[in-house]
């Protein structure tokens, strides 16, 4: 029940425009800690835009404009004294298409810690080993840590990206359709990984695969045309949705 | 229309369940008539209907499973499919009872009835009405019809109590009637159970249409 | 005619134009080689120029002068060009000012080289009082080269996928950190290739250096950037058009050959860099 949960991230009156088009309309959403929250909705409903607002990645796009607030640890991340770099350390992101850097596996994972000033070899080694193990990838690659990351399979690359995100020790991990480019077995591995991850992190996942949201998440939010339509515990939303629009979407009658 | 095939299959499921309901309604009525008229041919038809109902129930269950496996139903679709399967099973149990009544007819048709049947046909009439209510509730997606189930079942329960006492008296006063009285006791018991199951079906219909759990009796 | 006959016709037509291009190059080379090869010798390449007798000395100072020019142009145009490309591609938005900057760069690339020469003469030689010198010529040629370097560098930066930048930002990198560690390393080779080609072009330019600083003869080698200098293109120009010695044409051709070889080797180095990079590239 959302009332009993500790809320780690919360949007209040969030509005986002790209040029003249409004992509997110007045969204208030509370994200519970140490849970997996899924965001579902048809193409163009704004779910990825909302996710990217949580670590201010929309600012990379020049024509974006955001009003409203997102509170993290009591502070509005959109206030002028927020350090975006620090924010992105705490709120990590995994993208839809696995994007390993064309460096070695080791260098990929060490990239984050290094830009934040960690130079000590031993420390970096420990971080690499720890995160690769947490990402359930160690067994597959422990003997080729220094070979190119581009030689890994799609599923391995995505787990590498998850390990890379974990290497900067975030509190929250945002995942933007992390499995949509992967085969079913890799998808299953990553879903298992997500469920493991929620013990130590908070996971927010955007997915167009409703069944994945149903399988994996504790809470599900349904977005339509930039608005939040319904948000509740996953089992409630999928068994007895309160809004007809939600039901039309999840039963596939909305086409 | 989106998910055309899915919708067609679900309509087919519903049609089959209605067929099942109609078959059940006819089987119960026919079984009581066969007893009242001591007509072995009618009883034999009831037994045929029971076989048909088994087959139909399996078809319905198979279709429900197939839809669940291949279409990933959620929300109202999931409630619909699972409820349809349970309702079909429940009707099938009713038809089993009807068959038992028919067998009693066949067993005792050669001798005169212990007493002319009055209450038993009245129970059967109410059951007919209740099953009709279930059918209309499903077809018209109208839960209010299920409100009428309870009073009808109350009558059935009262008749059962009455007949039970009456038959017990028969047996106490004249031990030669024990055999026949026991048969009638079973019949009336079956009809009482059929009434209960029909109410349970009403609850399942409410759950299917509204997601709420109610107890009709 | 049947379609496949048309196909063959077109294919051969296009192939022909390719061969024509190759042919032109070959003809020019052959002409220069044939005329000038006899003049090439160790002495020709390493001795100082003897103005009284063109057959006596060598074009060593012109080679040195061209080389100094190359260094000068590199020093002025590469940092500015690369930095400008980084600004335009990584930092700049789409404001009116930025659009004007881009328009200006495109136009600069089309300005005839003689006009750069006149500009250089007016500003560097006269106004800033550098006189006709290496530095004046380098600055002038840099003006020409900078748009070229910017374009080539921007193209290289564009080939780096946006996902590299996004990935770096998502890990908490600042923009400069992301560019420095995750974009530039992958754009570097393209920038190097483009820069070398730009330099090669600058070193072969004649019109600007006629106006701005080259001399046909000087004693010794230039001592400082403010000194006069000899250069291969200018030297060849004078030998071809102004010298009356019967063997002038031959010596001009010999100079041309040296210049061509120089340009070719730079182009070759640039292509080699690109080739090695393409082999190693795994994204």
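Read from first to last, the chains carry the letters A, B and C; within each, the first residue is number 1.
Going forward, a contact is a pair of C-beta atoms (placed from the backbone, for glycine too) under 8 Å apart; a residue touches a chain by one contact, two chains touch by 3 or more.
Remember, predicted model here, so these are calculated numbers, not experimental data.
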| item | value |
| --- | --- |
| Per-chain Cα centre nearest the global Cα centre, belonging to chain | A |
| Of all other chains, the one whose Cα centre sits farthest from chain B | C |
| Dominant chain pairing [most C-beta pairs in contact] | A-C |
| Cα-centroid distance, chain B relative to chain C, in whole angstrom | 96 |
| Chain centre separation in whole Å, for chain B relative to chain A (CA means) | 53 |
| Chain centre separation in whole Å, for chain C relative to chain A (CA means) | 48 |
| Residue ranges of chain C in contact with chain A within the complex | 93-94, 161, 163-174, 177, 181-182, 186, 281-283 |
| Chain C contact footprint on chain A (complex, rising order) | 55, 57, 60, 62, 85-89, 92-93, 95, 97, 99, 101-102, 111-112, 115-116, 148, 150-151, 161, 164-165, 168 |
| Of all residues in chain B, those that touch chain A in their complex | 2-3, 6, 72-79, 211 |
| Residue ranges of chain A touching chain B (in the complex, touch as defined) | 210-211, 214, 238-241, 247, 250-255 |
